[in-house]
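These are the structures in question, set out in turn.
Next, two complexes with chain A in common: one pairs it with chain B, the other with chain C.
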Partner chain A sequence: MNKIAKLFITFISALTLTLTSITSSFAKVEGDMIVLGSAISLTGKYSSNGVHTQNGYNMAVDRINSMGGVKVGGKSYKFEIIYYDDESNPKRAAQLAERLIKQDGVHYMLGPYSSGLTKAIAPVTEKYKIPMVEANGASRSLFTKGYKYLFAVLSPANQYLEVAIDLAVEKNGGKGVKIAQAFEQDAFSQDVRLGILDAAKRTGSKIIIDDKLPKELNDMAATLAKVKATKPDVLVVSGHTKGALTAIRQISEMKVDVPMLAMTHCDAAKLSKQHGKKSEYALCASQWHKNLSYKDKFFGGGKKYDKDFKKEFGYAPPYQSAESSAALLVFKDAFERANSFDRDKVRDALKATDMQTFYGNIKFGPGGQNIAKPMILFQVRCKGDSCENKVVAPTKWASDKFFHPIPPWSERG
Partner chain B sequence: MGKVKQKDLILYSGLIILGLAAPYLFSAFKVQLTYLCVLIVLAMTWNLQGGEMGYNSFGNILFYGLGMYLTASVQVGMFFPLAEWTESGGEKTFVHTTAQYFQGIGVGLLVAAIIPALVAGAIGYAILGLRGHYFAICTLGLGIAAGEIAGGIEIIGAGQGFTTPPFPAEIVDPEARGKFFYFTSFIVLVLAFIFVKYIYGSRFRLILNAIRDNEDKAEAMGIQTMKYKIVGWMVSAFFCGLAGGIMGGLIGYIDSTDVAFDGREMGVFMVLMAILGGKGTLWGPIIGATLFHFFKEGLWTFILGWQYVALGVLIVVIVIYFPEGLMGWLREKYPERFGEVVDEKDRKSQVELK
Partner chain C sequence: MDFLIFKAPMLMVQASLDGILLGILFALIAYGMALQWGVMNIINIAQGDLVILGGYIAYTMYLAGIHPAWGVIVSPILMYFVGWGLYKLVINKVVDRDLFISILATFGIAIVFQQLMNFIFGADVVVAQSEYGTTMLFDNSVTLPNSKIFSAFVSLAYAVALVIYMKKSKLGRAIRATAQNARAAKILGVDTEKVYAATFGINAALCGIAGALISITLTLHPYVGLPYTVRSFMIVIVAGLGNLPAVAISGMGLGLFEEFADYILGTEFRIGAVFMLLVFILVYRRFKLSKKREYLK
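Up next is the complex of A and B:
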């Protein structure tokens, strides 16, 4: 009996000691470091985009730190990020956000990858009044919850492919078109779907196929069989990186002829590289493209960012990386304008952000979404065997004409 | 006998005091502690089938997810139109008052306990006739199917997910939410423990064991095995539903396959924890869940990106070196402590034989 009691006391005191020492070992600003926290998908279904996001963050941290850091109160500070792996799981993400804030003492957060995970983290950051600049949560419902500490550098998801429908209608002589659509069952893709529904209503188009696809999208043959039978004017597919790869693979295997194919995540999936000519003519929504003419002093312009990123990570930056880098530029700018580490002052400074980065203009609307930057559409075009993404809309940046309709497979080499 | 009871009393009161003091002692770890309580409840109730009854169920996640959706739906539905709350895009904002929030979650948890239990009864009636691997595979399907179905039901948010009501803003203390969920989960844990402990001292457990050891003989002895199997599963479902309801409120966002019917993680974890600690024992799942949680929280961040590899190695180690779990291993090493009478001569002769 005595033994048990003693054991208990030792156990508890040991536990208390270790846990309390862990809690106090971090702080928001340590020496000349500003510590940011982020839960990132390094494993699981979003792992490839999670890594794009992380690379974007790291690239910006290195660049800002090497170019003088963040100047607050006459002193220069450097950024540092604590990462955890959220395993592409919202439950884990919420838990890690709590952990970053409570145990690691993080006072400023960077967003995770995907809308679903951002949805899970936002209530936590909101509760503790932690400003979060996120670059990869585009779902519209994030911006209608009245969150005060959430800032997104990207355009909301419902805007992704609306323009594509407008283009299709324009090519159809202003008359409504027949739309076939297939979306993964996740927060982001379902929001893209809402955008299409709005666009269809607005243009008097008809939706003839409206499929929901499972997560971890590896097969959409059933949808494509229907497309073959019903011959729609536009096929819209959205399901993150895997969705884009699966769609192209199966469309080319099944030789599905459709005049227009609109998708998301083409550049994150490196479609033009992985599938080459098979992916030609795919129309893709993107938050950013290297050919855009925006500039800032850290990364220069889009083309320079593209070059530097390639040098550091060995692949062309998808927009997920670009927007992630931009998130840090926003934080730096806000810290310097607030000239303080007070969370509410930083938050107010974030709210008042109005700047240009290599990624685009950034200004936050009342819900926290970026309202200063349009979405762009690019089309995969090939010369011989090398394929490239060419911007086709909006016209201001278009480098190529939108090619329509897609020639049938029987005529493609 | 009296002596043993006194010992137990000290142990239990010590644990309860620890449990009550924990959120104040380790204030920063409240969320992890809540997870721990929930994990223990899941492991303990899984053990009723997997350990005591010998029916390895991968389907308990069904009740967990069901409880999660039910709690959130009731909490919202009692005061606001559920369809508008979950409507994709969520243009409208509804705010629960403090009273509404707690009433909602209270009723929600009650529903989340009862309905999964009833569902378990109904499903159990249909599938508990299956044995061994067939039962395991069948229940595995249940969890997966439920996730896909939930992902298609618009009124609970479908693929968009379901944002559960935020903790009332009128309560200013940022710690209040953590405390509330911790104590709720702790109460559920204590209830579950009392119940399981009671079962361990009853004839019911012996019947479950008889089913595990030889179901045909048990039937031949006049035990209506089906009845007991169903009741056993309903008990598990009751607590799984409660655990799910709490987790839904805590996480704040329900996704059909990643949070609610999360067979890939929670569904596997509950089995793993029970086996790690030693299935078929009262304390095994508790110890297993605690160790597992510490392992996961402590180690995983140091091996970023490799945590699942480490988990795989852990599973292999458990299966090879502790096939009976930690409790089983201890039992083999120190049988006296478990009240087993060991014949010294017999033990010696065994040693000599080697």
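Up next is the complex of A and C:
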């Protein structure tokens, strides 16, 4: 090795050492800053939803800080978040969580985007007894492992489409229905499937098609041909944005007539924008909608949040952003009730959370999942060429009547 | 397990037609792969990502208000230059090395392309709308999206044009000569460097066409390139290099196989079945080869 190379290596190692010593001087609470950590997908396949999550976090941090911050022990503190890009990779996410905790000394964590990444991080936060409030991991398996430091503000995945089956049964005069379903083979979608199986059992419905879609899914023609041949009462599809877009494309092209179509990820897929009228009547599960009447003092209500978010980031907030903002409100509330920065006291305070945010009521069940907030269903409805998502269930917040059955393609323009 | 497909004959027709139309599209991608594999002895892992990039070109046109079907003309032209540039930048450094190096290099290219597309076009799944409507057969019991029929015809037209071009044109002859024996071609005055660049460009152009067709028939996402690479690899393995009719037939065969596997084994085994088939074919080929060797002894 020549001299210059040696010199270069020395220089680099010196630089790294300095940098690590600087970062590790961040503690849980620095001066008047409460430091939170989050590994988040800024690149890779989850990057668009990762950014929605980050925007939601940032929006709430700014709002809470500008409205007096967090009051603990008579002193006012401000939130600050250290972000690392996990590249949408679970292994990387777990490493980064370790790094946030061990090197950066973070004592409180915010969740990443997606169930898969949350699953990767949860064992780490659990090991170091770090309370984590997450807003984007809905998989049921997160809440059955007995984690004590994991709190999720969102409803678990198995609740996503249960309501849809209830609606179908109601429309069928209380009798069981025939269900055709196609789910991607990933943790989240399979949990949605379990929810449907439960609902089917409860209502005496029969599942006549039960397809598992591959991860590389881009063609559902075979599933849809089966649907056409067997004429079910409901078709349920869950395969993230790809599943939603593929389903609508092929249902409209193959002219598959089904009285009811229920899906997930419609708004993330921008279904009504990308497919326009073809997506009309699709029923979609959502964690949140701006028209809900929940309120809090930081964001006002859903409509105000929608407006402020648009002003700040230039697009309408998907529910991924709203639930992420809510996670910060939960943390603030817990710190103030604990009136301490002791991790276990904060954890106990989180456990006892019972509050309303603009996003919905939040109260944690024994597994850490939010048990106080129902899922909502909206239906895509079009006027001319412009399509909108209208809330149709639960009835308390419904702005429109649920349209049933979907008219056959021969009658649709 | 219920075999719905055997109870409803119309499903059989539907599955066959779906499979064949999709298979023709795969065959186009596979032909590009076979071409540059044969000429340059490079297995291009980035094949699928070139396809997706081609799709994004058509999608960009669609966003700009141009009908995405024009993508089948614009996309190959742009992609030719992308391929040509890739050759000059990376591939020419690995073209004479062993297969492993070229696999590694193209794998790297694939990752770079995925991230670039993610960066430029975002990680959202997107579709372009052709509004071509649907053809209904047998009293609406078999439905064929016109976009799929369109894509099969375009693929066939380009394939035929390419075959004629390879047979008649000077460059086509040079490419074929280089494929047969690069050294001999060089001695006889063929500028193999140029031939390689053109071959890689033509391959990228074929991917561009396929991508534009995929944007109107299926969905686009920066990370869905790999299944297209695997499928074309598979088709080439079955068909052999430099045999277009075989590539077309094996493409359609694969499409059919996938559709029927979906009905009989279940959707979850659709891609798995393709991999199983690949293993069987590789083992079978080896078996045949070893027999041949014994015979030669």
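We adopt the following convention: the second predicted complex is superposed on the first by the 389 of 413 C-alpha atoms of A that agree within 3 Å, B and C clash if a C-alpha of one lies under 4 Å from a C-alpha of the other, contacts with A are read in each partner's own complex, and residues count from 1 in each chain.
FYI, a residue touches a chain if its C-beta (ideal position, glycine included) is under 8 Å from a C-beta of that chain, and two chains touch if they have at least 3 such contacts.
The structure presented is a predicted model; accordingly, all values stated were derived computationally and were not measured.
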{"item": "Contacts of A:255 with chain B and chain C, given as first, second, both or neither", "value": "second"}
{"item": "Which of chain B and chain C A:382 touches, first, second, both or neither", "value": "neither"}
{"item": "Which superposed partner A:123 touches (first chain B, second chain C, both, neither)", "value": "first"}
{"item": "First (chain B), second (chain C), both or neither touched by A:185", "value": "both"}
{"item": "Contacts of A:43 with chain B and chain C, given as first, second, both or neither", "value": "both"}
{"item": "Contacts of A:33 with chain B and chain C, given as first, second, both or neither", "value": "neither"}
{"item": "Which of chain B and chain C A:212 touches, first, second, both or neither", "value": "both"}
{"item": "Greater residue coverage of chain A in the superposed arrangement, chain B or chain C", "value": "B"}
{"item": "Which of chain B and chain C A:140 touches, first, second, both or neither", "value": "first"}
{"item": "Common interface residues of chain A - those touching chain B in one complex and chain C in the other", "value": "43, 185, 212, 214"}
{"item": "Partner chain B, residues of chain A touching it in the complex", "value": "1, 4-5, 8, 12, 15-16, 19, 23, 42-43, 83-85, 87-91, 94-95, 98-99, 102-103, 116, 119-120, 123-124, 126-128, 139-141, 144-146, 158, 183-187, 189-191, 194, 212, 214-215"}
{"item": "Chain A contact footprint on chain B (complex, rising order)", "value": "6-7, 10-11, 14, 18, 25-32, 35, 88-91, 93, 148, 151-152, 158-161, 163, 166-167, 174, 177, 247, 250-253, 255-259, 262, 265, 300-301, 304-305, 307-308"}
{"item": "For the chain A and chain C complex, residues of the former touching the latter", "value": "43-49, 182, 185, 211-214, 216, 218-219, 221-223, 225-226, 228-230, 240-242, 245-246, 249-250, 253-255, 269-270, 274-276"}
{"item": "Complex contact set, residues of chain C against chain A", "value": "4, 8, 10-11, 14-15, 18, 22, 115, 118-119, 122-127, 129, 134, 136, 140-141, 143, 145, 147-148, 218-219, 221-224, 226-227, 259, 262-263, 266-268, 270-272"}
